[in-house]
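Shared between the two complexes below is chain A, which pairs with chain B and chain C, respectively.
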Partner chain A sequence: MIRIERRLTEARWLVVAVPAGSLLAAAFLSGIILALTGHDPIGTWARLLDRGFLAEGAMSATFVTATPLLLTGLAAAAAFRMQTWNIGAEGQLYLGAVGASGIGIALHDQSPVLIIPAMVIAGIVTGAAWAAIPGVLRAYTRTNEIITSLMLNYVAGLLMTYLIFDSHSYWRDLSTFTARVFPQGKYLSDSASWPSLGLAGIAIPFGFLLGMVAAAALWLIYSRTRFGFEARVIGDSRAAAHYAGIRTRRKIVAVMALSGALAGIGGASEIGDFRHVLDPRGLQQASFGYAGIVVAALARLNPFAVVIVAILLGGLSNAGFSLQGATFPAGLVGTLQGLILFCALAGELLVHYRIRFVRRAAPLARAPEKFGAA
Partner chain B sequence: MEADKPPAVTMRGITKRFPGVLANDGIDFEVLRGEIHALLGENGAGKSTLSNILTGLYRPDEGEILLHGKPVSFPAPRDAIEAGVGMVHQHFRLAASFTVAENLVLGHRDAADRGLLLEPRVVEGRIADLSRRYRMPVNPRARIWQLSVGEQQRVEILKVLYRGARILILDEPTSQLTPQEAEQLFQTLRLIAAEQRTIIFISHKLEEVMAVSNRVTVLRRGKVIGTVMTGNTNTRELARMMVGREVVFTKKKEGPAQAERQVALELRRVSANGELGTPALHDINLQVHAGEIVGVAGVAGNGQRELAEVITGLRRRTAGSVIVTGRQIRGGDPLEAIRRGVAYIPDDRLGTGVAPSLSVAENLVLKAFRRPPISTQGLLHPGRIRTNAVDLMQRFSIGASSPQVPARQLSGGNIQKVLLARELSSRPLLLVASSPTSGLDVGATDIVRGLLLETAGRGVGILLISEDLDEILALADRIAVLYDGRIRGVVERQDAHVEELGLMMAGAA
Partner chain C sequence: MNNTILVVIAASAISYGTPLLFAALGELLAERSGVLNLGVEGMMLMGAVSGFWAVQTIGGPGWVVLLVAVLVAALVAAATSLIHAVLTISLRASQIVSGLALTIFAGASGLSSYVGHVASLGGQPARHEFAAIDVLGLKDLPIIGPILLHQNALTYLSWALVAVALFYLYRTRPGLHLRAVGESPATADAMGVNVTVYRYVHVMLGGALAGIGGAFFSLAITPGWLDGMTSGAGWIAIALVIFAFWRPELALVGAYLFGAFSSLGFTLQTRQVHLPPEVFSSLPYLMTIVVLVLVSTGWARQRLGAPASLGVPYVREER
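Here is the complex of A and B:
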């Protein structure tokens, strides 16, 4: 019989050994699948590593993908820390993009010193406001925030689509005939392009730098401020928080808004760093908001770990894109990525729990060998 | 008792380990047919583990079990039920929206069970027989949520008997009963035992063990300390076996001259609703003076929680006024009550009294984190949180390996010390303590009681809400009895009689 028990003490070496073991397990399992489908496992792994992180320009591309993952990952971590389940980073990111692009268009002839902070602030405000809706509903009417924040993602997506495809909105480019027939957004001026930091030949986007600052700020908030302490008490036990005189409702709205603001920065960065235009289809296809939930979960809601996980997942997803081709179907890429995530999460379990194989009592004596071998 | 027949239950050398704990350590335990055998021990002594082994919930790591002289092994609880072992749990396992009859046949197949269809008449008839035979009146068609706690317990016992149990295990069966209800239960148990059925009665209350059992086996730290005939022992000896040392319970010496003292708490015609929005408190008038301990006796569910919550601001009142040291409090705002010097020890220690995953150090500043020196300008000072914790852990001898340990890893007694340390160090004017010693072992109980008396001695008014009448009699200056949301009477301790209080608790006086 297999039994899973909680570990009484979590040994420090496990924190290193388990992730390493998970990666090896993932390599092994995916190796089997690759071999069965007629691919060279080691070659595929080498290519995955190469395209994701080592090749010329791979790291820069990885940062491009990692930036929104970092910000939506932080958004999820900020809310989940308080056991408030904001699933709406997706929609909050859209709104951040809408806000930032709107301001960017409005201030097109201003200097970057003005435009860029204005875009960041616009992203924060719109993202926070969008997240505050499920926050207020949760706090004052006890509506389940998982459902409301999720539904608002669709609303946000349709809103973006409406702005570009179904209306003559401020965001839509109507200057040329082609643009009127094939709807697209107004491109932002060059002065609205966010700078990037060059470091050893790797371009780190401004949005990623903002994310690192946000990660540090989030850590500080949760570990060193009264606000964060109250949020942690609420997250641990709402009854205890009420008992301790903590105003839980305000805090729920505030934490949701904080979470939405982080996702909103992600949206602003998509506009300022990469797209320079409100692109409803591109943003919706990317689904950074949902991926952010995975990032936060893998990082165990630790803001600094979110930074690392975002980079790893960014690289993995880029490498996946470059792997797929005529002989390497997209489904197989997804399988490999899924296996890596699965092993990482399963390994997480092993840090906290241990698995014991125990012999059953006499009447079922033959059973354990079977289970034990499996 | 028939000496020539083999014992109903024989457990030999039972050992059970959990990670880090040796719950049962080579236990030898024997119960005769027709006997009421008490299993006495403090929390954590291994009583529950042993009964869980006997009911097939756990399997022993070592040792053997014999029923009526034949070796048995129970891979699953169902096997134990089939062998005639039935357990009446402390926390009832009944489906609230089902009827008594439905609960009895749940998960049980017999002649009354024709495929998918039940034969309610047959079941109801059998229930009527059983409840007549053992004097446990209960309506088979009533739904569980309509029944009182005492009645629900009867259903639990009937369920076990209905399934043909010859060996009944009752886990702390009186914990939620009034003295009269407990006496009724004892009569039922004697009737059951008279039919040569066997009863194992798990308890940590000495008086009831003396009242109901034929023999007592005392457990301490997973080991059997001894088995004695109830007739040849007394509570003092049992207490010593249970705790391992002489126990003299802390008692209040004399009452303060309350007339000269300031009023710490005054309730005037207070009413409030319960969880479901139905009235739970009616017209409560009560005063607690500074330095006085007022006990509120009563069976749980008669408005105790609402009373505590109205005073501490966790619940809004629907009428009346709550006056703390001369000033009315608005109500519905726990922070207001905290700032006015109301400390509160809730009965739900782990969920409400502490945040279980937060560290001991953090739990010790659960209320003080707003003020200097713990925080200034919205920023916490981890160093001061730590020194505060080290200081309080030492002063209240809190047994935690470090201030950083999550509160949930502490024992019940140590969690209660964390709560007391936090609440008492806030220099309150009024302390509301709900069941402050429930679930604690004898040693911790004594420490908590001592702290309460010491606190009252420093001029703090204490409202002690407890189901444990002995505790109230030991500590309180005055005793109010709460029944059905009303104060049925207030008596001075020296004038109090257990019988009279018991009748008031049952709403009969």
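Here is the complex of A and C:
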């Protein structure tokens, strides 16, 4: 008989072994799906790894995808840590992109020293403001934040589409005849392009560096400040926090805004680092916000682990985008991400519980026998 | 008279509300057993893609094909929900994260899209679809004709399901046990009710109904397949369960309310009301938020009707 017993302490080695095992198990399960649909699993995986990590220039491209994943992963980790379920990183990232591109267009003739910080701040402000809506609704009207933050993702996507495709907004390029017929956004000036750091032939985007700083800051906030301590108490027991006099309402709004700000930086980085134009279709297809949930869960909400997991999943997504075609069907990346998350959830059981194979428990009447023959 | 705007809106509200009703009834049953499943969107998309695949591949008379397609959609979505059931009921995983994982796994850029591409379903014209039935030849009856007597078979099935769900929940012993499992699993366990079995069965029943709701998109509303074609209906269905205070009859009302918001854009555009299309498209999402806020405050403050053990795994030894 199988018995599941709660461990008194988390098993340390499992904290690393479970995510690693999850990746392997997900690779195996996706192999079954590939084989069932007539694709060669090993060949597909080899190409995935090659395009994601090994091929020339692959790591630079992987960092391009890892950057938004790092920031949306941190956004999810920041909120989930307090058991506040911000599923709206997707929309908050869009809003960050809208804010950063808006300010970038407005300051087009300024120097990078001014434009780049302004874009980062604009991303933070717009992302935080968008996330504050479900935060305030949760705190003051007790409305389920999962659904409200998710609904706002669709609204944010429609807002971007409106700005570029269905209006003569500030973001839309109307300077030429073709641009009026085939709608597209205004491109930002060169001085609004964020720098990148060359390291061993790999270009690390400025947004990724910001994300690493944000990860360290998030760790500091949650482990070394009163704010973080109170947020963790709320996460563990809302009733206990209330009795301890912690102002839970303010904290919910603050943590949602913090989470949205991180996703907003992700949106700003999408503009400053890569796209240089507000691109509703591209941003919506990428669905970085939802992938951030996978990153955070696989990293078990640890900010430093988020950095590493973002690079791993960034590699998979990057390979998925670049390989997409007849032999590499769309949808495989999301399937893979879901499988990884399932395995991580199943593995979580091992971290908290011990599974023991024992002989069927003796009936009560025979209990005294255990003193004699065992 | 039957062409007046209110009649047209009411008729299309019922049509657009039907998938929401199926999915919400399913989620309601799962939540009544104490399991929150946020994977509705993913399960609906699996139902939509597999139902459409069945219609395109199976030969035979139209009504048989459609019947089989609905069964396929229900089975595939129920199988999808089994993942959530195993993770949350047997392995005690977080219901919220597992449900999200299910939506990512099966959702718009996940397995449903993969299946759609592998079977190259995108852009294919549907071989069969659910057409409106002219009940007793009375579709031209003033007002109630187009609204109530000119809908398709699945809509009529959904009405029957509401009645069945009501009878099941409040008039049968398994229904009583189900409510007990959702309110107090320990008590139900002591009564001799198998909590695990009840939860598994109702999560999968919820999956099956979500699958039929998804198939309604690909076989009735816009026959065909498009990645992410349910566009958030699964999430609206989850909100609907809260709005309905976990009661089937109120889910019916709510589904048609949200159906009206979803269809309003199309109706008004054909009537030469000129507003940006995004305003109409965002209406169902914004109204979901507004309605949720309304039912979360004031008179509904005590979360009337929410099963007490919703979201909590049941472990016999850890009471």
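As a convention for this text, the second predicted complex is superposed on the first by the 277 of 374 C-alpha atoms of A that agree within 3 Å, B and C clash if a C-alpha of one lies under 4 Å from a C-alpha of the other, contacts with A are read in each partner's own complex, and residues count from 1 in each chain.
The working rule: a residue touches a chain if its C-beta (ideal position, glycine included) is under 8 Å from a C-beta of that chain, and two chains touch if they have at least 3 such contacts.
No experiment lies behind these values; they were computed from the predicted model shown.
Of the two partner chains, neither chain B nor chain C is touched by A:Ile308. Once the two complexes are laid over each other on the shared chain, residue contacts for A:Arg226 go to chain B alone; chain C is not touched.
By the document's definition of touching, of the two partners only chain C reaches A:Ala297; chain B does not. When both complexes are overlaid on chain A, the residue A:Gly245 reaches chain B alone and has no touch with chain C. Looking at the superposed arrangement, the partner reaching more residues of chain A, out of chain B and chain C, is C. For the contact definition in use here, the residues of chain A common to its chain B contact set and its chain C contact set are 6. Residues 5-6, 8, 223-227, 229, 232-233, 236-237, 239-247, 360-364 of chain A are the ones touching chain B in the complex. Residues of chain A touching chain C in their complex: 6, 33, 37-38, 85, 87, 137, 141-144, 146-148, 150-152, 154-155, 158-159, 161-162, 166-167, 285, 287, 290-291, 293-294, 297, 329-335, 337-339, 341-342, 345-346, 348-349, 353. Of all the residues in chain C, the ones that touch chain A in their complex are 38, 83, 87, 91-94, 96-98, 100-118, 227, 231-232, 235-236, 238-239, 242, 276-278, 281-282, 285-286, 288-289, 292-293, 296-297, 301, 318.
Contacts from chain B toward chain A in the complex involve residues 19-20, 59, 73, 75, 312-314, 333-338, 344, 346, 348, 351-358, 362, 366-367, 369-370, 375, 378-380, 382.
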